[in-house]
Structures are given as structure tokens and as C-alpha cells.
Amino acid sequence: MWLFAAGLTVLSAGALLSLLLSKAPRLASWTGSAGAVGGCLLAIAAAIGVLWSGESAGATLAWEVPLGSLAVEIDPLAAVFIIPIALVVLIAAVYGAPYMQGSYHASTVGPSWFFFNLLAATMLLVVAARSGLLFLVAWEGMSLASFFLVLTDHRQESVRRAGWIYLVAMHLGTACLLVLFLLLGRSSGSLEFDQFAVEPGLAGVLFVLALIGFGTKAGFMPLHVWLPEAHPAAPSHVSAVMSGVMIKTGIYGLLRTVTFLPELPSWCGWTLLAVGVLSGIGGVLFALAQHDVKSLLAYHSVENIGIIGIGAGVGLLGISYDIPAMAFLGFAGALLHVLNHALFKSLLFLGAGAVQHGTGTRDIDRLGGLLKTMPITGGTFFVGACAISGLPPLNGFVSEWMIYLGVLLSVAEPARDANVAWAPLCVLVIGSLALIGGLASACFTKAFGCMFLGEPRSEQARHSHEAGRPMRAAMVTLAAACFVVALSGPVFLFLLRPAVLTIVPPGAREAAAAVVPQSLGPLVGVCVIFWATLAAVGLLSWGRRKMSSAGKVDGVPTWDCGYAAPTPRMQYTASSYASPLVILFRLLLRPRITLHPPVGLFPKQAGFESETPDLFAQYVFGPTFAGVAWIASKLRRFQHGRIQLYVLYIALTILVLLIWKLG
Amino acid sequence: MLWLLVAVPAIAALLSFALPWNGLRRVLLVLSASVHVGLTVAVFVEPPEPVLDGWIALDAASLLFLAITSVLFFVTSLYTVGYLAQEKRPATLDPTEAVRFANYPEAVFTGCLLMFLAAMTLVLVSHHWGLMWVAVEATTLASAPLIYFHRHPRSLEATWKYLLICSVGIALALLGNFFLAVSAKACPGESLHLTIAGLEQHASQLNRDWLRAAFLLLLVGYGTKMGLAPMHTWLPDAHSEAPSMVSALLSGVLLNCAFLAVLRGHSLLVKAGEGQFSRDLLVLFGLLSMAFAAAFVIRQADYKRLLAYSSVEHMGILVLGVGIGGIAAFGSLLHAVNHSLTKAMLFLAAGNTLHRCHTKSTAEIRGLFRVLPVTAVLWIVGLLAITGSPPFGTFLSELVILKGMIDGGRIVVAVAYLLALAVVLIGMSAIVIAMVYGKPAAAESSAESNPEASDTSPEPAWSILPPLFLGLAVLFLGLCVPRELSDLLHEAARVLGAE
Amino acid sequence: MLAISGIVQIVLALVLAPLLQSIINRTKAVFAGRRGQPWLQPYRELWKLVQKGTVYSRTTTAVFVAGPIVGIAAVGLALALVPIGGWPALLSFPGDFLLVAYLLGVGRFFLVSAALDTGSSFEGMGASREVLFSALAEPALLLSLTALAAASHSASLTGIYAAIDSGMPATAAGPAIFLITGAMFVVFLAENARIPVDDPNTHLELTMIHEVMVLDHSGPDFALIQYAAQLKMWLLGSLLLGAAAPFRFGSAWLDLLAGLVGLGAIAVLVGIVESSMARLRLVRVPQFLIAASILSIVALFLVMR
Amino acid sequence: MALWLDVILVLLILTSLWLLGSSRLRACIQAVAFQGIMLGLIPLLCAWPDITVRLAAVAVLSMVVKAIVLPGMLRRAAREANVRYEVQPLIGFTTSLLLGIVLWGLAMHVSRQLPVTMLHVTPLLIPVAIFTIFCGFLLIVSRNTAVMQVIGYLALENGIYVFGWAFAIEDPLLVEMGVLLDVFVAVFVMGIMIYRLSREFDTIETDELDSLKE
């Protein structure tokens, strides 16, 4: 525990120092990142200690505020979240030091590091907090720190707008959490987690509150609207942290809430599952339609959160129908995907940042051919792309596969429970996961292909340069981590076991624990295939190099069906690559196409633009806010300057009160 | 002791009317403010005896609000000194519409300021309905010239509205007092004076109907002064036209005094067993005020009016909390403290902004971070604090009030409360973010042309240290509520029969 | 024993896969009234390509070279999981068919990336269509296999296909099996780029999907790609066969023979389809694939009613 | 003495109606002054025959203030701004009169809610007080010139004092303080304000004062 405390202290120290030193940006950024690295190392040590020993460490101090106490505890569930958080923050800090200096105004460096370390500390605190008030304070602190980080580059209108939307979304989410905690603590009168109790019949309501409150942070559709705005706006290492781990605190909150709700009705599980499916498919579809690589990645966060939601939903259904395989593998898959998504999504954001750093643009349609100039960035980005598409032999597959397996094992069970709606379950889980996987690989062949392959589509792309050494080191580390997790899959079954068992209600624990050996074999099988794949590829490419020495012709133009002088402008663009899919799903995506067709015999110019604004932002939230503003504008008539009216209000008030209250 | 509390500022006021030198006058202002703080500390340390056979006394509630008043006045007096030092006289040209206007003579201003303090202190310590009413009326009279300081036509209009509306309100309060007297006739034995203690002793024998009617009148009357919708109409005008430190005092202190008056009425009804009657009314007016304020905050074109409407909202929160009762009452007293500090800070920040940018329009101010870095930080901190986000005290108090609602099972009220808070947040944050961030706007650059706007000199200490202090205080209250304070709050809530 | 059976199957696949190609061609030739190419033509072509040198565009990078290699590796490893004729596969565990599907996905991912690597607009076009259609085909395949798993109460391919035997269609799951066969046949056609989804030997690049992606590959690279395609057909064919014609004759060798014959029959069927049907318009293809998914969903509901 | 009290109360009603009905500022000022005198008489009648010196003093003081000082001040203000008539009220004079009748009904209704059993005074008193208050409100709301609004405010206060005098005899201090404050409000503040208004806007039509809104 003291390790963790020390970690928090180091983080806060780094924060304050970098704020004080903000006059000297270079110094500030070094202290800031050093603080982040040190603090995160300590936190990781603490978490590993807990996972290793298996018993959770905690401490409680008094806090001189109403309802307050500083109760902190690291149990397996918390540890499972602390590790990715600390890891990603650590790597992002290493990456961020040169990145901030490279591409941001000197005056913003110090404050941004202050908020970065603050964000790290509050995220860790959120996961470790055991008292409602402490949790809420840390939670809001996290939101605010990230809010200021989003506003780092506040000269742009879009960034300010993003910051505002983010602030509003976070606040609305938190409102639900306030009610949730107060309702949980109502019977005991205190907000300590261990004294929470559920009044009968309230479990469903509480679950919905948690789903809205935490889902806003996690970015479940349709509460995701802040996400594609805020993540592109922030500096890339911050986007990596936000998208990689910060939104996962929402998942953590949801799972933690589930541990407070023993008797969940089964519709909760179905709801979560449906939400997950919506976010998964919707997220990847909107990602396909994006031109800006960072908003593409942001929508993919929505997609992956959806996958996690599907896993958690399967787990919940497993609990409420008591099917151990679904319960264990669903939650295990979800938790593992939390880790995996943290790894490859932050990797991808760092890659995007390196590209922006090296070319000065994020527009996929203006990039291309970067693999030649930025090999390391490109290579690691490719690894990330494969991983997020859930391809073997990478980590993304393992977690998705666990979720699949949970359903499969229970479906293939000879004595499967007849009163579970199996067919819809299979369609929802397996069908949508398969669709998501296919669409994701479509999206990332587009992203990687159009950014790094082919010919440069613009001058910036042609004159790109590789990122600095620390940035490359960060990306390589993450890419390596993706492989490590994938190739040591079975180990995680055991690492996640205690965490999953904390979520599963006590009654079902030993049954759930019995799933581990049952699913160990398959996982080992998968790993064998992984190793074999790597070996086979290695062998083949070795052999290929041996033979290709003979008669190799190099440096000719691409065979373009007889056309000898292809120009970069003739390449297939990202938009055209995605357009068949966009058109197929136009009902959902509603792309806006503005076309200036060539006219006349010798057309001077022609143009084609397509953009895909967010469905919910445009058709749900926008109108709502506009409606409120309209009502307000009507109410303003009330006060239009005439003192006679004002006195009239007083007279009427007292008159009405006298007649109503005394009558 | 208690006499001194009122007498010191009053005498100082007379002195400052007399004194010929401005410099000395400013010294006097700060001096008397600090003496007042000292006296407050003294009465806090050892409670003094009631004087004037119980007409003037000091219970926990008085002490609480006295402390707020004293501290806020001291801080603003520091700001005032700096402000007066840089105010140009005689006549200046209004940059927006070409109207010449000349400030009041400083003697009158300072004098009224101190008189204002005396009156407010009297409101807080008076334990006699009539005396309290007189004191409240006196605050109106003392503050009117303060609002009219700039002698600008618009400030004149504001003052006129302030005077007339508040006088009407106060007249109703007087009628309320008479009704109290009538209801007191019901109880046998010698006719009792309208002292708070006296009435509360015989509360059970008071005549119900007259008592209820009296409460209605007191609520509307003092509610007008407090700025409860729909009687709040004077508030935005006065706050927007008054000099900023005066707005800070109006919002941070004066409204609290009126709130205390309303609370006294409520506690009397509670003691008389009519608690439900007053609670319902308080909840009603609380929600009404929050709703109105929310509607006017959205796309508000004038940042001082924005702050004024947010004051209306918070007054709503205060009475709402008291109306809910239980722990919420404690919460709303705590919230009174937090709101006073935060709002005073915001108004001082607004003052700095107005002084540098020469406009109150939220649309014309952009990129404050370039022009006034510290003030910009104050704006952001103020935004977060006033919208009740941690780690600021307002979060705690609003949370406690919400807890009161949830525990009491007032789900509908809780939902309305949260909705109103959310709308206010959305409206305010949109405005403040636009003001603080981004590039300085065209209006700003045009203001660059005229000499005294173009100075990018660092902000003077007098303009940033007082608000910074207040901000730190709110932050501190968010991180830790000292035992003494929470005891005082509980005691006050108990005295007022709200808990 | 188990290991041996698996190895036997893999060897058979590696040796016989190109033959399916020539069977299809012969069938089409018969329908066209020609004599058709010799049986071993596909082998000859592969050998010829291996002999040749390779041409690399100046645009391309390592990804271009990696494409074919990863493609063949992925399909090869997938073969190790797929049983034929009721024989147990080399490696088998619950949920292995997901791994098969995703391994094919890996191959596709690299092939598409290689296509984009050339920077040619035609290959980009092909790639975009390929990812679209495969994304739509994936749910159909996995849902049908899930339905089989549910029907046969087993989660591994070997288990599933061991459980499905000639008796199965008679049982309650019979109609479901029938639908699944239909769905899987559509997937088979789409994944192997056959008519009506794609026309392997048209000469209009604008209309091609799979073929146009590999325009720039040459020599051994192209050989690998072709061979990978043939192996893929073998693999999907045996998945389809296991569901469509689960004939069992008691003796393992007879079963295996039946499996091989069945594959040949599928090839003939494909040939017949290709010579009797025209290619669908590109905009119709998605509906074709979605129809397949719908078939499999209906099958799911039938199995677990 | 109850008879005389009733007479006075009736006179108060009539003056209130007169205020509502007339458009000439001068007349209205007269009416308020008259009300002031009536007001001064009430306590003497209530307390009859034992009138303490103190009571008498307060009564006289209030008469002086309400009947001489304030009207004088108002006249001066009106002269300053040379307005003779309330030109166009928001609510016409006839309408105001009709409204006055309605208000009378309301006043009766409200006062019926309040038990007067333990108060040994004429039952007419409470409705009259309330009615006068309502009339004051109506004047403020419906008139345009600042002077008329002040007059309305005074009428409102008069209503309150009718009440106060009748019931607060035991605790005359309340009333005394009220009276003193009247002096303050009226003379020192409203006077100055009206004066300034007339200077700044060279009119005291308050409908010009609507630049502050929303």
C-alpha cells in the first residue's frame, strides 16, 4: 500500500514541480515526465504485489469533510486496472516529453504536464478509492484534468468546442453517479463502499444509473458524442492516455457497481449486451467514414468499448442465468480486452501523433508512402492495426476469442438451460463480433494502407521525417507488449482469475473458478497456433529471401494495366476505399456529399467532398440543446425592463400566496 | 461588544463623510474593516451577552453570517482601495455609448460603504423583528448610492429599480411584522415584545392563521431583498451596474442577510409546529429561482448579469436546502459560505476584466488568457467552483443538499435540482470558455488603439490578490471543512430549527 | 494415431488442392464443348511461376513481399484445424473454427495491404471490394458453424464433424443443416472469388475483385498467392462438405475417400454454376452475402428453438 | 369612537379610489396627504380615551411627515420635471377604477380568511388596510410617471400603517421606526432619485427606463 501512496505522492510532486517550472518549458517537461514515470513504476509495483500475493491491501484515514473518509484499497479488480493505467501513462510520458516541445507553444508545456500528472494520479485514485466521496472527487478531478489537457491547443475553435462538449458530458454523467452513490449509501447513511446496500427492487434502477453515468465516460453509444470531438483535439500522448485507459475507468466503475448489486435482473445483462453491440458496430462504421486519423481512432475506441461491453454483458447474463462458463469467460474477456485495447489503442494514437509530428497533417487523404520515411512508426502502427482488428497472432484476438468461447461452450453444452434465449444471444455476440472484426480490418487496411503505403499524396507527406528516439522507443515497447500478451495468453487466465471472482457473486464463485481448467486447454491450443504462425512466417520469409536472389527486377513503375506513368493523384484515396461500405450503411451513417461535377468542354475545376457528422450529435443532442435554448429565449420575455411589471410580479406573488395558502 | 460591532463602522462612516483627505479615508476604510474582523474573532472566541434586553444578541446563525460578512468586507475593502486609487475623475467618457459620467465623490462612497457594513451587521445581530426590519431597510438605503457610484444613466436606472422594488418588498415585510404582532396577541398573559426569543418561547400559542399570513409576507418581502424569483428582478440590474466590489458585497453578503431574515421566519414557524407549511414554500421558491436563473444564464450577453443570475440560482439552492431540511439544511448553510466566497471572487475578477477590456459583453471578450492571465485563471476556477465541481467547497455543499433530498425520498425535487444545475453549467461554461480561451477578439484589438487599454502591463496586486485569496478559501473548504466550522454550522442549523 | 491422421489430411490437402482448380476448369470446358486443359495444368503453372524472377514496383515496400508469405502461412496453419471425412484434425479444441476464420482474415489483411502497397488505383479498388465482401461473409460463416456446434453439442470442428453423420439430417436439426449448407456454399463462392460473386478469368480489371488485387505480383510471389487460394478452396470446401454430405461408411479409409470424392463433387458443382450463371452486379453482391447470414440466423433459431 | 373610526376608514377607501381615478398629479398628491392625516387620527381614536404623550407625539410626527413633508417634496419634484398630468397610464383611469372594485372584493375575501375574533376593532379595518395596499400596488403597476409611482408606494405604506396603528399599539416602537424610516426613504432617497431622474432623462416617464433587460 505504501508503494501506491508513494506513487501518488511522486505524481503530485511532479505535477506541482512542472507547474512551478512552467517558465522553463524544457525543465518542466523533464520533471513532469520523470514524475509520471516514477509514480507509475511504483503504482505498477504495488498492483503486481497485490496480484502476486492475492490478498488486497488497503488503508483508511479520516477526512474532515461531510460524508468523507480517505478509504483506499487495492483488490485484484483494482490491480487489473491499475497496471494498464500506469503502464500506458508511463509510456505516454516518455513519448510526450519530446512531443510537447516539438509541436506546442512553450507557455503551455508546464501546465500541460501538471494536468497530465494530475490525470494519472486521479485515475489511479479512482480505481483505488473505497469511499464514495473520494471516488467522486477523484472522478471529477480526472475529468477536469483531462478537460484542461484537451484545451491545450485552445487557439482553434474546434478545440474549444470539443472541450465544452467534453465538460458538459462529464458533468451530466457525474450527476447520475451522485444519485447512484447516494442511493446506495441511503440505508447506511455513509458513502463507504463496504457499507453500501441495495434497497429491494432498486437494483435495476441503480444499474441503469451506473450504465448512464459510467457509460458516458466509457463512451457507450449513444453517450459517446464527446469522444470523437475530444480525443482528436488533445495532444497525441494525452489522447493515448484518454482513449487507452481513462475511458476504461468507466468500465471499472460499472464492474465495481455490479459487485454492489447482488440480485441483478437478467434484463440488465441484455441491456448491456445490446449497448455493447450498438457501440461496437456503430463505432466501427463511423470510424470507416472518417478522414481524420485521430477521429477514426476515437471512433474505434467506441467500438472496442462496445466489445468490452459485450463481454461484460455476457458475464452478467452468465451470472443471472448462472452459467459459469459465460460468467467467467465473459468478464475475463472483457478485462483482458481492457488491457489489450489500452496497449494497441495508445500505440495507434502515439503513431498518429508521430505522423502529425512528422508531416503536419492528420488527414488520411493527404498522406501516403510514409513507411519509407518513417519505418518504425509505420511498422509499429501496422502491428497496432493488426491487433485492433483482432487478428492472430496478436492480443486483440485472445480477448475477443475468450468472449466467443464463453458463449460457445455454453451453447454446445448438451444440457443447456432451455429458458435462455440462445439464438438471439448467439446472433448478438458471435454475429456482431464477427461483423465488427471484418469491418475493423477493413477500416485499418484503409488507415494503414492510405497513410503508410503507396505514393505520398501531398508535399507534407513527401517531406515527412521519422519521430525522435524516445517516441520510437515508446511505440516499439507497446508493439512488443501486444505480442507478449498474445503469446502468453494462458498466463492471463490465472492473473485475471481473482479479479473476475471479485465481480462474480460469492454464491457462484467456485463454479466460475472451475471454468479456468476447462478453458485452459483451448487457450493453449490458440497459443500453439500463434507460435506456429510466427515460426512458419519466419521460415517462409527466410526461404523466400534465399530464392528471390535469382532474377529479381526492381525499381520499375507499378503495373497499372498498361498505363505507364501513374501519378500519386491517381491512387485510390481513403474515402473511395471506404465508400462502398459507407454507401451500404448510408442509412445509419448519413454521409453528406457535396459534388462539383466538371462542366463544359474544358472543365476548369471539379470537386467532391464527403463528411460524416455524428448521427446522435446531429439528430439527438443538437436538437435537445436547441430546444432548451429556445424555451429559455421565450422565458427571457419575463424580464424586459419595465419596473411596473416587476412590481406586478411581487403583487401577484403575494396575492396568489395569500389566496392559495390561506384559502 | 455587540454595540462595537455596529458602532465602529457607523462612526467610521460619519468620519469618512467628514474627512477632507481621500488617502486618509482609504486608510480608515481598511482600518475599520480590520477592526470589524478583529471584533468578529473576539465574539467568536467568547460569546458576548445579549444587550438591549435581548434585542441584540448573538447566536450561532448570527455568528456564522457575521464571519462571512466581516471577512468578505475586509477583502473587498482592500480591493476597493486599489480601485478608488485608479478611478479617474472628474468626468470620463463611456466607451460604449458616448455618455459623460462623473463618479460620486469618494467621501459619499466610502461613507455609504461603511454604513452598509454597519447596517448589515445590525441585521445579523438583531434579535428583534422590528429592529431587523429597520436594519434591512437601512441596508437598502446605504447601498443605493453605492450602486449609483458611477452616476451613469444606466446605473441611475438600476438604482431606481433597486430602490422601488426593494422598498415595496420591505413594506410587505413590515406588514408581516404587524401580522406577527397580531398573532402574538392570541397568547394569554402580558403582551410580548417581538423579540425572536420571546416569540419562539410562546410559539405554540401563537395564532396559526395570522402566523401563516405573516410568514407569507415575510417570505415575499425579505425574499425580494434576497433575490428569489419572481421577485429577483432588481438583482441583475443592480449587480451589473454597480462597481464590481459593490456587486461582490451585494451578492456575497447582502443576500445572505436577507436569507437569514427568511430563516428566522422559518424557524419561528417550525417552533410553532407549522414547519411543513414553510418548508413547502421554501422548496417551491427554491426550485422557481433555480429554473428562472437557468433560463437567463443561457447565452447571457453580459457577464456581470450572468453572475447576478447565478446568484439568483444559488439563493434558490439555499432556500431549497433549508426547505428540504435534515442534513440538507446544514448543507445549505455550508453552501451559503461557499457561494459568498466564490461569487465575490468572480465579481472581483469581472471587475478586473471590465477595467481592462471596457466592455461587459460576453461576445466581445475573447482570449483573456493573453490579456489578463491571472484573471483568466480566476474565471476558470470561479466557473468550476460556482458550478459545483470538486475539489471546491460548493461541490460538497451541493452534494450534501442532494443527499438530503435523496434521503428524504424527494426524487422529483432532486431531479429538478440536478437538471437546473446542469443547465446552468452548460450555459455558463459555454460563455466562460469562449471568453477565457482562444485569441483576443477584434473588439479587443480595436480597444488596443486607445491608450489605456493597450497596456499589457501585469495586473496590479490589489486586483488579483483579494480574489485569489477567496479562491483559495473555497478550495480549502472543498478539501477540508474544519471541525469548528462544521460544529458552528450544525449549531446554527439547530438554532434555526432547520435540522 | 490422431497425429498421423491429421498429418495425412494436411499432406493430402497440400498435394491435391490444385487439382480442384483443374476439375473446375475441365467441367467448364465440358459445358463449353471444349476438351479443356490437362489435369496437371495448375501444377505446371505453379512450377513455371516459381521458376520465374520477380518484378517489384518502386512504390512497394516489405509489406508487398510479406503479403503472399503470411497468406500461405495462415492458410496452411488453418488446415491443421480442419478435419475431412470425419477424421480428427491435427489439432482440435473448443472454438478452433473461430481461429480458422481469423487466420483466413490474417491472410486477407496482408494481401489487401500488399495490394494497397502498390499504389495502383485498380488494386486499391479490388482491395476495397475484397474487404467489404469478406466483412459481410464472416458473420455468415461463423454463425453457421455456431449453429452446427449447437446442433452437435460440440464446440470444436473435429467434434462437430464427427457428430454430424448421415443420421443427422433426419433429426430435428435436419432443416437447419440444410439451410447452413446453403449459407456455407455462398460463403465458399464468395471467399474463393468464384462466380456469381467474382469472375476469376475476366479481362476487365474494373470488374474484378480478387484477381485485380494481385495484378502486380509476379513469379514466386504470385505462385504463393495462387497456391494459397487453392488451399483456401480446399479448406472451405471440406468445411462445406462436412455439413452438406456427412456420409459415413464405418471404415475410416472409406470415409476419407468419400470426403475426397465429395470435394471433387463440390468442384464440379462450382464448375456447373460458373458455366450456367452470370456474375452478379457489384451492388447486388452484398445482398447475396447478407442473405447467407440470414439463412444461418434462421438455422440458429431452428436448432435452438 | 368606533363610529368615527369607520368614518375614517370609509374616507380612506374613497381617497384610494380617487387616487385610482384622477389623472392630475396635484390632486393625487393632495389625496395622499389627506390619507396621511386620516392615518394620524387612527391611533388616537383606537387608544381613546387614554392617550399617552408618546403616542400622540408619534401620531403627530407621522401626520407631519405624511401630510406635509412628503407631499411637499413630491410637488417640488413634479415642478422640477414640470409634469402636471399622468398622460398615458398603462391602465386607463376608468379601468383602474373598475379594477379597484375587484380589488375591494379580493381584499374582503382575503380578510375573511383571517380571524378577527380576538381583535376588538371594527371588522372593516382589515379589508380597508388590504384594499389600500392593493391600490398602492395597482398605482405603481399602472402608472408611468415616477411621481405617480412614489404616490402609489405611499398609498401602499398607508395601508400598512392603517393596520399597524390598529394593532401594534402595545408595541408602538415598531410603528415609530417605520415612520422614521419613511422620512428617510421618502425625503432623502426617493426625492433625490426623482430629482436626478428628471435631470438625466429630462422626464420622469419611467417607461424610458428599460435599457436594462434580460
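Think of it as A, B, C and D in the order they're written, each chain with its own count starting at 1.
What we mean here is this: contacts are C-beta pairs under 8 Å (C-beta built on N, C-alpha and C of every residue); 3 or more make two chains touch, one makes a residue touch a chain.
Predicted model, so just to flag it, every value in this text is computed and none were measured.
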| item | value |
| --- | --- |
| Top chain pair, ranked by number of contacting C-beta pairs | A-C |
| Computed distance of Cα centres, subunit B from subunit A, in Å | 44 |
| Distance from subunit D to subunit A - Cα centre to Cα centre, in angstrom | 70 |
| Computed distance of Cα centres, subunit D from subunit C, in Å | 100 |
| Intercentroid distance (Cα basis), subunit D paired with subunit B, Å | 31 |
| Junction residues of subunit D - those touching two or more other chains | 113-114, 137, 140, 149, 206, 209, 211-212, 214 |
| Subunit A, residues touching no fewer than two other chains | 636, 639, 643, 645, 647, 650, 658, 662 |
| Touching chain combinations (by label order) | A-B, A-C, A-D, B-D |
| Contact set on subunit B toward subunit A in their complex | 160-161, 164-165, 168-169, 172, 209, 212-213, 216-217, 219-220, 224, 230-231, 233-234, 236, 277, 281, 292, 294-296, 298-299, 327, 330-331, 334, 369, 384, 387, 389-391, 395-396, 399-400, 402-403, 406-407, 414, 418, 421-423, 425-426, 429-430, 433-434, 437-439, 478-483, 486 |
| Residues of subunit A that touch subunit C when the two form their complex | 368-369, 371-372, 382, 386, 389-392, 397, 401, 404-405, 408-409, 411-414, 422-423, 426-427, 430-432, 434-435, 437-439, 441-442, 445-446, 448-450, 453-455, 519, 521-522, 524-526, 528-529, 532-533, 536-537, 540-541, 544, 547-548, 550-561, 566, 568, 570-572, 576-581, 584 |
| Sites on subunit C touched by subunit A in the complex | 50, 52-61, 63, 65-66, 69-70, 72-74, 76-77, 80-81, 91-96, 98-99, 101-103, 105-106, 108-109, 112-113, 116-125, 127-129, 131-132, 134-139, 141-143, 146-147, 149-150, 152-155, 205, 215-216, 219-220, 286, 293, 297, 300-301, 303-305 |
| Residue numbers on subunit D that touch subunit B, as the complex places them | 113-115, 118-119, 133, 137, 140, 146, 149, 153, 156-157, 160, 163-164, 167-168, 170-171, 173-174, 177-178, 181, 184-185, 188-190, 193, 196-197, 200-201, 206, 209, 211-212, 214 |
| Partner subunit D, residues of subunit B touching it in the complex | 129-131, 133-134, 137-138, 141, 144, 153-154, 156-161, 163-164, 167-168, 171, 174-175, 177-178, 181-182, 185-186, 191, 193-194, 207, 209-210, 213, 236-237, 240-241, 296, 300-301, 305 |
